[in-house]
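When the chains are written out, they are named A, B, C and D in that same order, and each has its own residue count from 1.
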Amino acid sequence: MGERRYTLTISCPDRSGIIAAVSGFVAQHGGWMVEASYHTDELSQRFFMRQEIRADSLPFDLNEFRARFALLAGEFGMDWQMSDSAQKKRVVILVSKQDHCLNDLLHRWRSGELDVDIPCVISNHEDLRGFVEWHGIPFHFVAMQDKVAAFEEIARLFERQRGDALVLARFMQIMPPYLCQRYAGRIINIHHSFLPSFAGAKPYHQAYQRGVKLIGATCHYVTEELDEGPIIEQDTVRIDHGDSVEDMVRYGRDIEKTVLARGLRCHIEDRVLVCGNKTIVFK
Amino acid sequence: MGERRYTLTISCPDRSGIIAAVSGFVAQHGGWMVEASYHTDELSQRFFMRQEIRADSLPFDLNEFRARFALLAGEFGMDWQMSDSAQKKRVVILVSKQDHCLNDLLHRWRSGELDVDIPCVISNHEDLRGFVEWHGIPFHFVAMQDKVAAFEEIARLFERQRGDALVLARFMQIMPPYLCQRYAGRIINIHHSFLPSFAGAKPYHQAYQRGVKLIGATCHYVTEELDEGPIIEQDTVRIDHGDSVEDMVRYGRDIEKTVLARGLRCHIEDRVLVCGNKTIVFK
Amino acid sequence: MGERRYTLTISCPDRSGIIAAVSGFVAQHGGWMVEASYHTDELSQRFFMRQEIRADSLPFDLNEFRARFALLAGEFGMDWQMSDSAQKKRVVILVSKQDHCLNDLLHRWRSGELDVDIPCVISNHEDLRGFVEWHGIPFHFVAMQDKVAAFEEIARLFERQRGDALVLARFMQIMPPYLCQRYAGRIINIHHSFLPSFAGAKPYHQAYQRGVKLIGATCHYVTEELDEGPIIEQDTVRIDHGDSVEDMVRYGRDIEKTVLARGLRCHIEDRVLVCGNKTIVFK
Amino acid sequence: MGERRYTLTISCPDRSGIIAAVSGFVAQHGGWMVEASYHTDELSQRFFMRQEIRADSLPFDLNEFRARFALLAGEFGMDWQMSDSAQKKRVVILVSKQDHCLNDLLHRWRSGELDVDIPCVISNHEDLRGFVEWHGIPFHFVAMQDKVAAFEEIARLFERQRGDALVLARFMQIMPPYLCQRYAGRIINIHHSFLPSFAGAKPYHQAYQRGVKLIGATCHYVTEELDEGPIIEQDTVRIDHGDSVEDMVRYGRDIEKTVLARGLRCHIEDRVLVCGNKTIVFK
């Protein structure tokens, strides 16, 4: 997917001169910035930025960059991360029986659009084994009778695979708090409503009951509070009185998969920065 | 606005033969149906229909039509209404200081798009008197210090004007329960959120706080439960992390006025039928 | 997918009494109409209607229905068709190398959402054989060196399979006029622009060149005039100056597949009636 | 409308170090950047940027800034402009008889949302004089019998008012080439179609004829080629077979006014940079 790039994401207390310091640092080494985005959060008075730099424009490698940048970062009190487009992100997918999101993600992956490694798919049902294995991707069944053991197994698999993101592609199981904490900002869920409306179970039934004229889907980071984590992406689609719950489920699948794919793409491209319970998404 | 039409709206218990009976009745008198819409509500097993008939295709007037149709209606246990496009609906508008919805409605009215009479505008502030009176529409100031008296005055004005609809065009005051009941299905509000999210006060602040990626507006009938009445129309618009509450307010105005105008248009064309706490909107 | 239904679609010269005659005919035999939609085309003064009737509410079968209805149809000069939900439509898919639409359609098919038979997939490349055959669907390779022979082979396969629809799911080859005529109203294409803008080759490059702020996709019936056939469904998505042609191709895939799926669904449910070079789509 | 800001817009040949040089220049004088946006156009290999700087963070005024920045600008071969939020843009509006865009713009202006001066409104009809003058804005009637003289009069008024933008708010007259050239990048039109579809006259009739499923509106800079200038903003709205040309005109008005208002806002905030026949819109 094009030339090699380093992506630098930063958050720090707001003050003047941050952009100048960072872009000056890059320029002083001949670095060529190809994308740069900034945001100040008014409430927290924190500054957020993201830069993409051509790897071949720099005279040193990523480790050297990190070592040198650390000095500047210290001066501004920066939280920062640097990633390398040559190092693919590793995405582990959790799925139950509904496969529209899985089908969508695997297609994007095999067509090269979603430029990640998918080391495995994990499910509490055997239904999707054949489809996943057809892609040459290992499929792990994890029984949910003993939830504690099940989630330990999921965590073990995720860590053994050095996963960068754990995607709940309509997994329909609630992650235990200790995993939400351990993998904060790395677990991505797709909820089948326009949150905060219709959190929890059966959102399309809730929407039908309330008589809304649009339904939605929400991609968010998973936190201990169910369906309350930072929202990455959302969308809505128009319905009308003639649509049954089944129709809504059908329309909903189309936005669920699109919203999840867009949110995940932003995540793996380091475009999503978390600020309190909100996200900054640099597009 | 085109040829004269009668609009017949019906709700009754569902069974076979309803369409045949009604369309047969119309046809037997030579009536020409120019629009016909149907819906069965699965939960209540009630059938809803709406027809437009060319007035000049019938050999009798509206009263005669009503008298004859009553027999058929009785047989099927119908709730029904008949309106005449030659009889303009009378819309009373309540407004506070924010005037984007008022400005939008009055423009649609003076351009002929909104084919109603607006016998008066009522407000708890004097700010908009000049603009309203420029249109030749009477403006009534009602002080809100004594809320009981204020709403009695509003009800008096509405009834004296034989209002068909009372539109809260960002009125910012809560209607008392007795008026919600008395004018059930006739009071239309625009709420500046995508309900059921962010009901109550300061919805844009709530939306900002939650970090949603779309904001919305909802046009609904007012009931005793605040922001809980049957939804007529909704829409959403995309925002991002860079948008302040003020930006959201600004984007929101554009969907508020459009959603209110669409909802009101459906209402005055007898396209909205209420079914429990939901609406059927025949477009 | 639910109870068995007959779907009756009609077009005829407009006059009063059509609805009464048809619904009277259905009611007289105890038939229960579950959906009914009407439209008058002002230009041609033709009337269009579509009804769904519960099969079990009628005392006779489809053949008997047809025989009896023919009398009424003759009286009104109707073009009409009757289909049976128990008889699945047969959809043959043509594809080249790009597989996002194919992947989407096959997922909808295997999940039961798209309730059709897919007797085969035809392609001018071998690339997608494995994916298609994994579904248990026969895959036919047709070489395009000799276009005349290739399209004869495609026609032969389509007819042998008694196809109801021939779907060009990004087939990238132009159908010869004689097939456009022979299968008029049965060949469905997805074009990757918001027609009539950017017909022909490389629409995303054309869109990039022109600097539009939205791109689109169009599902239409194929006629002899390239990209000029009756439009069934369209949609658009927002882009901005930062999006390259490659980004547009990527966004475009998401609307192409959704627009094709929606258009095809309407087609197989007999919701699309052609009127000149336009469609009536009863939703 | 908030604190005073300077807005610096730049275009120059792309190379590394531009951001560093500009942000370094600003930082060196203690300047506080509150917004910064960048774009590289791949075709022309030109770099575009826009910065907002807090006026009170700089130790000198705008003239001094300009003088000092000119040196840097010369080094990089920059085309650049600097504006001051304390200096309101002057917008002259041209209108014919249709007033939905005018009504919308004047409301945004009188509510303070559109933070500009409107020194006058010019029209070839007297119809809107009363409405414009109610706002305290001078209204000039210009007869169109002699088009040459009429446009000379328009140019004279625009220049006397030192207009920054000339807005054709459904003016329905074609600007002569010499004015398109003289005011390149300053004349803004709203066209009632999704360009490049349906350029020229009666776009809704063209859309109806073609049977499209969405209609649109386009805000663009006026050039000598009719409806071919750089596009600033577009949007679409869904229609269906039941919508007449009149319905399309009605839906269209709502997107025309919104699209024009959004495009104009971007223009007056110096967010629109022209690159060949395309625009970069920094939001």
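Just so we're on the same page, a residue touches a chain if its C-beta (ideal position, glycine included) is under 8 Å from a C-beta of that chain, and two chains touch if they have at least 3 such contacts.
On a predicted model such as this, the values are computed, not experimentally measured, just so you know.
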Chain copies touching (chain A, chain B) - same or different residues, decided at half shared: same
Selected interface, A-C versus B-C, where C-beta contact pairs are more numerous: B-C
Chain whose average C-alpha position is farthest from chain A's own: B
Computed distance of Cα centres, chain C from chain A, in Å: 36
Whole-Å gap between the CA centroids of chain A and chain B: 41
Residues within chain A bordering two or more other chains: 242, 283
Contact graph of the chains (line, ring, star, complete, other): complete
List of chain C residues in touch with chain D within their complex: 39, 42, 194-198, 210-214, 216, 230-236, 240-242, 244, 275, 277-281, 283
Touching residues on chain D, where the partner in the complex is chain A: 16-17, 19-21, 23-24, 26-28, 30-36, 38, 40, 57
Contacting residues of chain A [partner chain C, same complex]: 99-100, 103-104, 107, 111, 113, 134, 242, 250, 253-254, 258, 261, 283
